[in-house]
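The two complexes that follow have subunit A in common; it is paired with subunit B in the first and with subunit C in the second.
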Partner chain A sequence: MNLTLNIWRQANATAAGAMHRYELAGVSEDMSFLEMLDVLNEQLNANGEEPVAFDSDCREGICGMCGLMINGQAHGPEVTTTCQLHMRSFKDGDEITVEPWRADPFPVVKDLVVDRSAFDRMIQNGGFISANTGSAPDAHAAPVEKKLADLAFDVATCIGCGACVAACPNGSASLFLGAKITHLGSLPQGQPERDTRVVSMVGQHDAEGFGGCTNIGECAAACPKEIPLDVISRLNKDLRTAMAKGY
Partner chain B sequence: MGTPDPSGTIPTNQPSVQKSDDAAGFYTLGAPLIDEKAPTGPINTRWQRRKFENRLVNPANRRKLDIIIVGTGLAGGAAAATLGEAGYNVKSFCYQDSPRRAHSIAAQGGINAAKNYKEDGDSVERLFYDTVKGGDYRSRESNVYRLAEVSANIIDQCVAQGVPFAREYGGLLDNRSFGGVQVSRTFYARGQTGQQLLIGAYQAMERQVAAGTVTQYTRHEMLEVIVADGRARGIVTRDMVTGAVETHLADVVVIASGGYGNVFFLSTNAMGSNVTAAWRAHRKGAYMANPCYTQIHPTCIPVTGDHQSKLTLMSESLRNDGRIWVPKNAEDCAKDPRDIPEEDRDYYLERIYPSFGNLVPRDIASRQAKNMCDEGRGVGPAVKEIQPDGTEQMVRRGVYLDFADAIARMGQKAVETKYGNLFDMYARITGENPYETPMRIYPAVHYVMGGLWVDYHLQTNITGLFCSGEANFSDHGANRLGASALMQGLADGYFVLPNTIREYLADGPFEKIDESHPAVVEAKAEVEERIAKFLSIQGERSADSFHKQLGQIMWEYCGMERTEEGLKTAIGLIRDLKKEFWTNLKVLGTADSLNQSLEKAGRTIDFIELGELMCIDALNRRESCGGHFRGESQTEDGEALRHDDEFAYVAAWEFGGEDANPILHKEDLIYTAIEMKQRSYK
Partner chain C sequence: MTPVATLVTGSKSTRSTIALKMLMAVSGLIFIGFLLAHMYGNLKVFAGHDAFNTYAEHLRTIGEPMLPHAGLLWIIRVGLIAALVVHVASAIALTRRAHSARSTKYVVKKNKGSSLSSRTMRWGGLALFLFIIWHLLNFTIGKINPTGGATHDPYNLLVDTFDPSVWYISVIYLLALVALGFHLHHGVWSACQTLGFTNAASSRARAKDAGLVVAIVIAGGFALIPLSVLFGIVTK
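Here is the complex of A and B:
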């Protein structure tokens, strides 16, 4: 198929960016979206134009490194990561707009690459269970109800890609945050730090400039791992409980 | 030859004596290599005794000691967290935008541990035995025993961190049997075990970032190791955003940068997985051990065209119920498989290996799939392959994995419960519905057992340079068992390295060196010159195009089956490719900005040099063992034939200089607790 691509090009964090238009012929429907961009980049390189910078690593939907706004949707039209989106979701003659994640706390580094280090800083502020290596009791010392273990796993599948933030009109990271609070807060090991964790992580979330949640639900719709919206209710409940205790 | 000796003093084998010399002219024989840190005495107390013998570092001194760790996967991330908790001053580097993205995250199956929670006869001894045997007797027994021993602690640690392993209704951890072993010792978190373990290590590491003991440098690529006055004292990195070439100095350097499967261009590794950190260390004097040992996984989704950027693995468990076949007649290959009648199908594994059928080991299943496609009976889209003479050929690279019988026998519902997520993944990538039409599979490079040579303390032959995880060679011999990669990464990171590195650091802090030290100046200048060189060539071809061509050479001649003739051809082709690279590379953009083409150029040339060494190693090893199959060394039935009398050694290669022969050092593998045996699958 033949495509027209409108791609955001920006030389660096401070430069002004603009949309650039490229024609790409001979795209196979078996290509992944990123392989289509690889082909474009080979073409650009051959023509003496610098290739489009974009992030990707595992290309199997698990590392969370890739992420593009495709025709205004985070990760494009399917419920999956950008690397798992294939060109059979498009048709000959399509015009496709490709932009980086849109959110102030994710500044553009170059072209389609953004800086998501705010997520690391949120994890640094309590997104863990304090257990030094070697201090652990036997793994069977504390049984965990299967229902809770399954819930913890379901939300722990978050890949930290940032699609939730990019999709949210408020630029909120509440889904990311809620997933981590629910994961660690569902397990018995996570209880001792449950209150301090939520207060600290929410504080960092706000300090990074992420917006507040107004229950729009775009985040859950865009999430490639289908993290459910109700993790945000749990986040709010945990925050309320902790604050009521004076944390 | 003798029976296993519990005191660990009487060997069960003699040192091997190599009679063949296929690689004559391509290498120089160096002095034999001995692991001076190898422990002695009863095998089951070796690690315990060594931990006691290794000196401690006073807690007050730890913060004065700087540790550099390159890589944030299980091996690197776990080590950064643990050493940070101990109070050392850790600097952690990764090329990704966050430590959480390292490719350990993609491991699906699980992690082995000798917990014996199922009371099915498992033990440290059994895990040890299975791992040495699975590695085709090409690993060190002391290292493997230690791995089995600490495996149980890993599970405890991960559970304490909140890793959500699968549980039973009683709330206790569930286990499954994996990779053909007869005990259930594999812990798992659905098909995402690697992700959950990595997030656990990442969170532990981020906690230390908050505590101020770990400083993380993301989007930084290590491009050189600094060796000053005989010790590794730091690294040179490039900040991938600003392009700044920086030096980082420390008392000790750890390389935990993963495997080099991407030397084949197409593999199940991440796009960025590379050999550069390890290869730069190799060029500075670190030995590269057994580089030819490559694991090829039989059940991956086939290549669809020359746009292909990576390959995706599907769990091997599919072979439990799927039947593998190709058309008997090449003219049927383009047909809809449902229109090919039963009598025109060749269920070749069931035909050749009637007792194991579709469940033959990974390497046999892989090799036979290639043979079928080489015969012209492959299925799926024909893809372009470049022949050694430069001509192009269209070949179908795929075989059917058919669930029609399983669906008829068990019902679609049961198949869905068992394999639903894999079928969904397949459908997403191929656009085909595997419930209706047979899946297509083809082997792909998955893991490398070779890596930097390390002693029992995980220290390379460069003093102060350590190496852990897939980047080192030590634990898997010639073949890795399923669910053992995660085990090794975390064993090294949480439990081994922290207990061995303290013996080294007990002599520190070492004399401070600064940016003006000649070794630092020289290493930095080398990096800057290389970068400038890449940009100055201004030829016609992208780095990716060289990388792809290298991958085709490696896959054809140093892949599933290797022969003397093929390997010699490959070495010639790789040397030509290297020459062309340095004269015809095209990298646009600048050095002082994010430049992905520039990053690829550096990685590609290191892969090219590694590829040549892999071929020389494979050429020298005229035996078949584990993931290394030499056409010249097989039984009448086409099974791998080991030559313990000639090759029961670790091949540790020393860099011989630019365009000079590498130097081979042999470390004999001597067993006391185990006796070597040949495997058989008929």
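Here is the complex of A and C:
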């Protein structure tokens, strides 16, 4: 199929960017979206133009690197990551607009690549459990109720891709934050630091410049891992509990 | 805002965006409580001139002689003004944060998971704020009678306000009620979520249903009054 691509080009973090238009012919519907961009880049290389910079790593939907805003939807029209999106979701003659995640805490590095270190700092600021290193404890040493184990597992599938921030009109990272808080807060190992964790992670979230949540729901609709809005309620509840204890 | 690139220390739960949201939620719920009581009083128009005016007068004498004349009314007014200041100040702070969290807009952006009411909270809230000012001028502070008639009789002032000869006043009221219905439809569910009551799909669905019911009951209940005067069901 033949496509028209509108792609955000920006030379570096400080340069002004602009949308550029490219015509791409002979795209197979079996290609992934990233393979389609690879083909575009080969064409650009052949013409002596600078290829489009975009992030990817695993290309199997588990690392969270490949986020792109495609036709106004984070990761495009399907509930999956950009690397798992296939060109069969588009049709011949389509015009596709590709932009980087837009959030001031995720500054553009180049073209479609953004810096998501703000997420790493949120994790660094409490998004862990403190445990002595050494040999792993026996799996059954700390029993976990099945319901909670399932909940923790479901929310632990968050890959930190940032689609929730990208889709949110407030640029809030509440879904990501809620997923981490719910994950650790559901497990016995997460209990000792539960109150301090939520306060410092929320403090880091706010200091990074993410917006406040208005419970609009664009995040959960965009999340490739289908993290539900419940986690934001749990985040709020944990913060309320910590507040009552004076943290 | 650009990222801080350092780990912040000494964070306090009370200084967070979530704490601001909780203030919005609690102040919003206070408004809802007031609106239900206010609607109950207004619906007394259907009981006639004397019942309505007696109720209005009783509001001023309630609690006497323990409280001074209109004492309870003033306690409620001060509480509502405080709630409004908190609600609007948090709304402004959070709106500004949201704008600086996305200073570069998307060229193309689709809405896939949000209701119209959720996306009109800020403009709808502003409309409600302007309406509240007009409404107080109309019935409380200014006692403006759009037909030029008497203003000392609460029941007659109400009926004159919604007189078909000044139909545009009723239109303002009905539009404000639409804005209120929208604000409540999202606001009720959002407040439940902000306060941490919706930790599962089932409770989320219930909170959303509650938003719809509260919106219809409050906006619909208030709307009965201008509509009944316009259509001649309630007369002087």
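By our rule, the second predicted complex is superposed on the first by the 243 of 247 C-alpha atoms of A that agree within 3 Å, B and C clash if a C-alpha of one lies under 4 Å from a C-alpha of the other, contacts with A are read in each partner's own complex, and residues count from 1 in each chain.
Just so we're on the same page, a residue touches a chain if its C-beta (ideal position, glycine included) is under 8 Å from a C-beta of that chain, and two chains touch if they have at least 3 such contacts.
All values reported here derive from a predicted model rather than from experimental measurement.
By the touch criterion defined above, A:Ile232 lies against subunit C but remains apart from subunit B after alignment on the C-alpha atoms of chain A. Applying the stated contact rule after C-alpha superposition, one finds that A:Gln84 touches subunit B and leaves subunit C untouched. Of the two partner chains placed around the shared chain by superposition, subunit B and subunit C are both touched by A:Asn125.
Of the two partner chains placed by the overlay, subunit B and subunit C both lie in contact with A:Ser117. Legend: residue contacts after superposition of the two complexes on their common chain; A:Ala163 is shown touching neither subunit B nor subunit C. Of the two partner chains, subunit B is the only one that A:Met65 touches; subunit C does not reach it.
Common to the subunit B-facing and subunit C-facing surfaces of subunit A are residues 115, 117, 124-125.
Looking at the complex, you find that subunit C touches subunit A at residues 1-22, 94, 97-98, 100-115, 118-119, 121, 186, 189-190, 192-201, 204.
Only residues 6, 8, 19, 69, 71-73, 97, 99, 102-105, 107, 115, 117-118, 121, 124-125, 167, 169-172, 198-200, 202-222, 228-230, 232-240, 242-243, 247 of subunit A touch subunit C when the two sit together in their complex.
Residues 78, 81-82, 85, 96-103, 105-106, 115, 117, 153, 155-162, 164-173, 189-190, 192, 194-196, 199, 202-204, 206-207, 209-210, 216, 218, 241, 268, 270-272, 304-305, 307-310, 312-313, 381, 428-431, 494-495, 498, 542, 544-545, 586, 588-589, 593-594, 596-597 of subunit B touch subunit A in their complex. Taken in their complex, subunit A has these residues touching subunit B: 11-12, 28-32, 34-36, 38-39, 42, 45-46, 48-51, 53, 55-60, 62-65, 80, 84, 86, 88, 109-110, 113, 115-117, 119-120, 123-125, 127-140, 143-146, 149-150, 152-153, 156-157, 159-160, 183-184, 187, 189-190.
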